[in-house]
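Report on one structure; see the data block that follows.
As written, the chains take the letters A, B, C and D, and residue 1 is the first residue of each chain.
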Amino acid sequence: MPARWAEMRLEGSGLTCVRGGREVFAGLGFSVAGGEALLVTGRNGAGKSSLLRMIAGLVRIAGGQFAVTGVDAEKTIPEQAHYLGHLDALKPSLTVAENLGFWARYLGGGAPPQTALATVGLAALADLPAAYLSAGQRRRLSIARLLAVQRPIWLLDEPTSALDREAQDALAGLMRQHLSGGGLIVAAAHGPIGLERAKELRVGADA
Amino acid sequence: MALIDLANPTRFLSLARPTLPWLAGLTAAVFAVGLVLTHGAPDDYQQGATVKIMFIHVPSAWLGMFGWTLMSAAALGTLVWRHPLADVAAKAAAPIGAAFTFLCLVTGSLWGRPMWGTYWVWDARLTSVLLLFLMYLGVIALWRTVEDPSRAARAAAILTLVGAINLPIIKWSVDWWNTLHQPASVVKLGGPAIHPTILLPLMVMALAFTLLFLTLHLAAMRNEILRRRVRTLMLMQAQAAPGSGS
Amino acid sequence: MSPLLNPLLALFLRDVRLAIRVGGGGGIGVLFFLIVTVLMPFAIGPDLALLGRIGPAILWLGALLASLLTLDRLFAADHEDGSLDLISMSETPLELAIATKAAAHWLTTGLPLVIATPFLGLFMNLDGTASAAVALTLLAGTPALTFVGLIGAALSVALRRGGLLLAVLVLPLTVPVLIFGVAASNAAIVGPVPFGTPFTILCALTLVSLVVGIFAAAAALRQGME
Amino acid sequence: MNLFSSLGPHAAFIVAAYAVAALTVAGLIGWIWIDHRAQKRRLALLEMGGVTRRSDRAAGRPA
């Protein structure tokens, strides 16, 4: 797999997050290069999601800053990152194909590749309204969004939740493929998510 | 959602398919007779030929009420006996009832224009029909917003029954609010006060309209059953695909 | 299609498609407008002359309430299912995305109100020219209502309260539009002021609210990123 | 056009009323017919895609 992105590095230093007046974490730092994965662990409410959302520009940075090298300079980090949160960003009344098509056009400016749905095993349900999908299938459709638009940074918040064993292995494969393509992953999870050589960043009281 | 057994509606479908063409033919025949009779009806001494509008206005008003009565009966079927066919009957009747109520309003204002000089007058009967029309739109909106058919049916059934209870109250209060319209001349205690030569075409047209309503309702119910079957198949298609377990 | 327009077009088509599939294409807005208009004579009485005089005011109030109350879901729906997060993570500036959503909302809610106006004018005993005047002023005024309501919708998402809060926040801002809208309608029916004067002010108000609404709503959404 | 003249001065309103009636009925019939065709098409599409109802299979019809 030829490296899609040149030598890339994402660093955060002295990061402080305050939400609703409560300091979630302070002075946090990390550094992850292209081809590497960072596993953010910690008990619930320790701020794993907040860190990911902060990288994605969805939460205000109370202190510290991010630095990214080796990527398109004009684009901000959120414009080069995929964020897979607890919410699936799907409209029940739109069909599977319409949902994916919209995100591909909105985030990537073009129609999604035909293979995206097939890779996540939803090709047969393309014309089915998303309302009929199960939680696991909605999750797969969200993951298809990551394949439909090429972005170097993947921010995955408990990506394996609602996925069955077979889908978790498939996701691990996709993540390895993304890393070997030179991309990087920052994932928040409780346990290992099939990524052997992931660096770990503990967040929370005993950080 | 447990896969409700569609056996009963299936039998309904097998019954509906043959009867539909016959019913449609009968409706057309009665309509033909009705139209000939209305054409021959004499002019009213006061309103002249505009009385011919009554041959559409009055039957469609009746159908507006008939539709809501039908939906109320179906609502009982839904709430008391939980019969899936009752849900289908209620949902199919709403748009048709609304259409005839709308027709009653339009013909009413067309009849009123030469008589009262304006298209719309806030008189008691027309206003009650207008409120009935709004209630129809409300029920249809309710049907469209709730996704699951059986939940939607129960919600619509409750709204229909509450509406049925309130219709007389609305009618009485609007009458009190304004009495401009001609008092109910057809259904009078002393029998119809209008001349038999006008009453006969009116009765035939009323029969024709009712048959039309039933034909349309039967066809709409058939569509509704097919729509539910499509929904069930789509659910099964999702469950058959990978990842449906979790 | 230039790279900037493609995403916006996709967003526009998505919102219009959603409005048609879920809301019945602005049907709920028109239904609310119809009910509010029909309710007035029950309070005021069936006196056609009086209704004729206050017809434009009633139609304007009905349209104003209808377009405001349907705005509540403009951002809330996307916020609840996570779409708003992804929309902000795109090269397309948030302001343009908001303008596109507002345009889609106006097309599926504001425009149907304008189209329904002549029919509701009958209930208010308004003749042809009167109904046309009200419809024309609404055509110029409803975009202002949408773009002013936008700010309330964005704020109510950030504050997670929504619903009536939107109306409370935004109603004072719509007063100028209401004044000049009704004034223009009455000018066309009764005079003495020529129709043009209040109408051009109304159009000016719309253009101002267009710009202010978009940037204020974007700021409100960004500020709400807690 | 004796039909028109026989309807007296307000003929236009009478014809309009009958026209609206015809339109409304045609609208209803049209809506029902289009809806019927649409459901039939979607059913065929689904059944072609191999999705069959439990009672179909129970009735021994080919899956």
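Before moving on, here are some points about what is shown:
What we mean here is this: a residue touches a chain if its C-beta (ideal position, glycine included) is under 8 Å from a C-beta of that chain, and two chains touch if they have at least 3 such contacts.
Just so it is clear, the model here is predicted, and its values are computed rather than measured.
Closest chain to the protein centre (all Cα atoms averaged), using per-chain Cα means: C. Work out the mean CA point of chain A and of chain C, and you get 37 Å between them. Averaged Cα coordinates give chain B a centre that lies 33 Å from the centre of chain C.
A straight line joining the Cα centres of chain A and chain D is 49 Å long.
Centre to centre, using the average C-alpha position, chain B and chain D are separated by 15 Å. With touch defined as above, residues shared between interfaces to two or more other chains in chain B number as follows: 234, 237. Across the assembly, chain C contributes 22 as residues in contact with two or more other chains.
Multi-chain contact residues, meaning those touching two or more other chains, occur in chain D at positions 49. Listed by chain label, the pairs that touch are A-B, A-C, B-C, B-D.
Here chain A touches chain C in the complex through residues 19-20, 53, 56-60, 75, 78-79, 81, 83, 85-91, 93-94, 98, 101-103, 105-107, 109-110, going by the rule given at the top. The touching residues of chain D, counted against chain B in their complex, run 6-11, 13-14, 16-18, 20-21, 24-25, 27-29, 31-32, 35-36, 39-40, 42-43, 46-47, 49, 51, 53-55.
Contact residues of chain C toward chain A in the complex are 3, 6-7, 9-11, 14, 17-18, 21-22, 80-83, 85-92, 225-226. Residues 109, 118-123, 127, 130-131, 134, 137-138, 141, 144-145, 177-178, 180 of chain B are the ones that touch chain C when the two sit in their complex.
Remark: chain C residues 22, 24, 27-28, 31, 34-35, 38, 41-42, 46, 48, 51, 122-123, 125 touch chain B in the complex.
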